[in-house]
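In the two assemblies presented below, chain A is common to both, partnered first by chain B and then by chain C.
This part shows the complex of A and B:
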């Protein structure tokens, strides 16, 4: 033994040797911050060296089930993977089927599709903001997200009859018409959310803690965003101007006046801001739709004529609802294939439907936005701190069932 | 002396009364339950909900926490296979005990020589420094040092709990606690010492009896103590050790049933002890009351501070550990040095 500390301690006794402590941490699938996913985190001290994402815990083989069911029966199925974004899941599928059928929805139905889609987008973004804030420990944002989402879900319920699994959009049109009571409800909801968004700004967006946790965290450059295949608000948060609603307009988006918020910072805060401003843009669109929506049928004439007159009188003319006869469920579209793209709440959603002329599709392929986020998430968390795992995860608004399908 | 008077003498004996009845063990557990009730209720108010409601609907779910506590008492305690079960059970118990210990040295009120039920203890609990009897379990001229020393022991037991549970999340939480304790202890000690310099004493009672309350004499120290207290007891925005979305429950991940309540209660009771010290040092303690009323007044102030601390949950999120460390060393530590300078300079006029 020596009595001189210099010989015992490294670097002349003055330096501090940082011993890397590495290990694996098994986050999830039963973990408050993991969702339905196992994240194997390789840690070096507090720094994440690598993550291994074990997805598929909520896989329900939706694509395979699609091959054994009738086209109409698939509507409730395809919207199940993302129940909080079900209008978009439904809409994308119907757009592809309509291309095979060769029908075009009437003008009023197109507006109603945009209306329901935007209502759903607001609800979906508020859900995402809520999840993000609870990941950052801010329980108020969580409760506000779910509470403020409620008014929009109520509108969907009044319009479609269901809170989340709406099954609202059918080939050739929509299932129910917009009435005066729903318009009044929507106006109230618009006023309420406008007031509430001010509170959101002061409580969440300008909260010093939330900003500290999101700014400069999980920075995704423009090049990386394109290379990793990010979509939706995450892509736009990295400065790429891409939105299916503008690039290849569907429903009534070519007639609506709206802007696409784009931020070039690429960090978690930019992604949050994009979502936040999309809520404002959606509200603007809903206002415009309520003002400009044309009168007319909500179902294309080709299908309207197939409904027996008594049924048409009872449901369509008195209650403005479409109720098909039973045989409609097994309609056989012509042979063909079609692709459709919609801008879902979390980004671009692609459907590819092949029809072989039978009552079931031969193949349905759905590429959901969350599915594309898996790789983005894996790449983004490398090199960040362990506490930022949930911050990045929340800011991407990843929804596991949507990715697993 | 008949039996009743004897009983009264022993029950009201400050060392026993302060530690066991008020504001010690029994009262602290009631405070624990109702702080959590208040925390949930005030958060619910902010978050557009009702909060606890169904147990005793008429009083706003006032009995909810009692029901919860009973449920926890009877729920199974799961002991993991690979841990030493004795140490596993001992961890939370020691943690709670150590959180409660600082109450022993914190003075709560003065004992007047005559005219109060407490006056019979005047001579035994006489503090020559202040010149009157002090209602505290242990009367000492160095009570501030004793309290700070006892508070500084708690992180050791957090580490101990995490170590015996043999869980990686717990271990990460313990590492965070260890890192944080270095920074918040410095803040707490420097804030307290700046007051000690200012009032030329290490006796908490003498600081309370000083002509001006602490937060007027040294507002920086008051702010630092409050922040240090929030960091030290894991209240928001510094809920870093238990960080739910990151570490499940931090050091207490493996605990269930009563042991979980004890480990969770430890941090609340720690906050309560800090709050009483804060009320004494900065809010004028029992002034202008004495005796029994002074004691209630001190605890009342402490509960207000405690409520403020738990209210932070509905306003803030959670900082990252490196942000909390950087903040406390880069911004708060210089402020602590400044508060010591202020303490030294202002102390010249305070006699």
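This part shows the complex of A and C:
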């Protein structure tokens, strides 16, 4: 035996034979870009032949838990799957419950719902952009995304009393009213974000490094987007004009003037641009809401009249918030079923609630936007290069807890 | 159709502008090197003063409480339970389960539960997380290093810097 490798290896170790390698790689599940999901990648060279998505790592059986709790108990629970998009998760559920109860929120509450939803959408999209940029190795975008998001989270905190788990929307209205201090904060935040978005453009969107990683990567044609069931910004990035806020307006969206950004290309950059322009549209909507919001109650009369008058007056005048009538603790809605759709940060969110007349819902089905993206992601990465896996993953803005529920 | 006209196409990358775009990205980066918008909070030397109405730790006003059990009924996490003391019912809370939704504060018909505006808390063990009605009947206080080491600041939105911290008054 010799200890000299040169004598053992052919050509002194220099002639390494390169053979086409096919094999499997594990990505995740503990967040090396994968989120809480294991991606089994079947590779041929560095071309991805197939991926197997091992979803369910953060499954919390929200739908089953919903069957054993009172309706009001579910508000904090349904927020949990998408913690950074909690207003939308909350809103969709409440819209379905309101349909069963047969109540309608007053006008001011509708505007406040739109307001909080749009603030939440900006925060959610900035989070998505931050995650996308750090996937591409652009740490500045990551820091900016999370830093600029903080401004909007601060507004939600002032309005609702919590940073992310807002539990703000209740059957028949909202819990707290908009005050002068929050309007002032929002105006400052709008000015700040408007200025910052210009820097975002030169730093991220027009940065040739970012564009090289996103353009013509993960191209989803219009037909494929429809066939695979893509939703939200990913669908609109493929040239399909579909947004629940326009198609079936809820809250105050039928009174607001806004545009839906749609891009034809269907690649990662188009999806990023759609998200970016939605932030601008959301800011436009927030300005309109602040200007047009009508005066009035923030809870429907049916529930407002159940609160003792002295107590109702005291809280409304002192802190601009409504308190709950005792009815909420364990109400029994009539038998029936309802479906509601909202446009959450990542796309269409559907709730289907069945009531059997008891205090617990018989069934709550939630179809979250990320759940639809699982199949899109699986099909979309086939044939792309291994290095583009994270780029496609980031540009889809897939959020595993939301998909696993 | 109107809808089709709304579908946009983005401007394709111009190879002649590559260098200019790189320079513009670097210039933006340099701008923030010299004028940083840092929002780091030097916790625990600086601690946030939470805004009015923040849903933090709760307290009970035992003399007002009528023992109606609504707070225990509305609690989504089963954190609040009723305890009987000399034939009268009072709520007790387990902060290990509490999700800070504030439903109990909102539903209390006599306002016997209030938010205290505190959220920084540390406990030695899980038993300490359970507050019986007597312990619950006081403002949430924990021994905090006081004096010069801890500065209370509040977050303010600024149109130039995003978030800015200003010293709070107390």
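For this structure, a couple of remarks:
Criterion: the second predicted complex is superposed on the first by the 381 of 405 C-alpha atoms of A that agree within 3 Å, B and C clash if a C-alpha of one lies under 4 Å from a C-alpha of the other, contacts with A are read in each partner's own complex, and residues count from 1 in each chain.
Definition applied: contacts are C-beta pairs under 8 Å (C-beta built on N, C-alpha and C of every residue); 3 or more make two chains touch, one makes a residue touch a chain.
Just so you know, these numbers come straight off a predicted model, no measurement behind them.
Looking at the shared chain after the overlay, A:192 reaches chain C, while chain B stays out of its contact range. By the touch criterion defined above, A:308 reaches chain C but does not reach chain B. Touch counts on chain A: comparing chain C and chain B, the chain ahead is C. In the superposition on chain A, A:219 contacts neither chain B nor chain C.
Of the two partner chains placed by the overlay, only chain C lies in contact with A:165; chain B stays clear of it.
After overlaying the two complexes on the shared chain, residue contacts for A:137 are found with chain B alone; chain C is out of touch.
By the touch criterion defined above, A:389 lies against chain B but remains apart from chain C after alignment on the C-alpha atoms of chain A.
Of the two partner chains placed around the shared chain by superposition, neither chain B nor chain C is touched by A:47.
By the touch criterion stated above, A:354 is placed in contact with neither chain B nor chain C. Applying the stated contact rule after C-alpha superposition, one finds that A:261 touches chain C and leaves chain B untouched.
Residue overlap on chain A between the chain B contacts of one complex and the chain C contacts of the other covers 140, 147, 203, 207, 209, 212. Residues 3-4, 6-10, 13, 18, 21-22, 24-25, 27-29, 31-32, 37, 39, 51-55, 70, 73-77, 99-103, 106-109, 111, 115, 155, 157-163 of chain C are the ones touching chain A in the complex. By the touch rule above, chain A contacts chain C in their complex via residues 69, 72-77, 140, 147-148, 150-151, 154-155, 157-158, 161-162, 165, 167, 175-176, 185, 188-189, 191-192, 195-196, 199, 202-203, 206-209, 211-212, 215, 239, 241, 259-265, 269-270, 273, 308, 311, 319, 321-324, 326, 328-330. Residues 23, 25-26, 31-33, 46, 133-144, 147, 203, 207, 209-210, 212-213, 385-390 of chain A are the ones touching chain B in the complex. By the touch criterion given at the top, residues 43, 46-49, 168-169, 172, 236-237, 239-240, 243-246, 248, 313-323 of chain B touch chain A in their complex.
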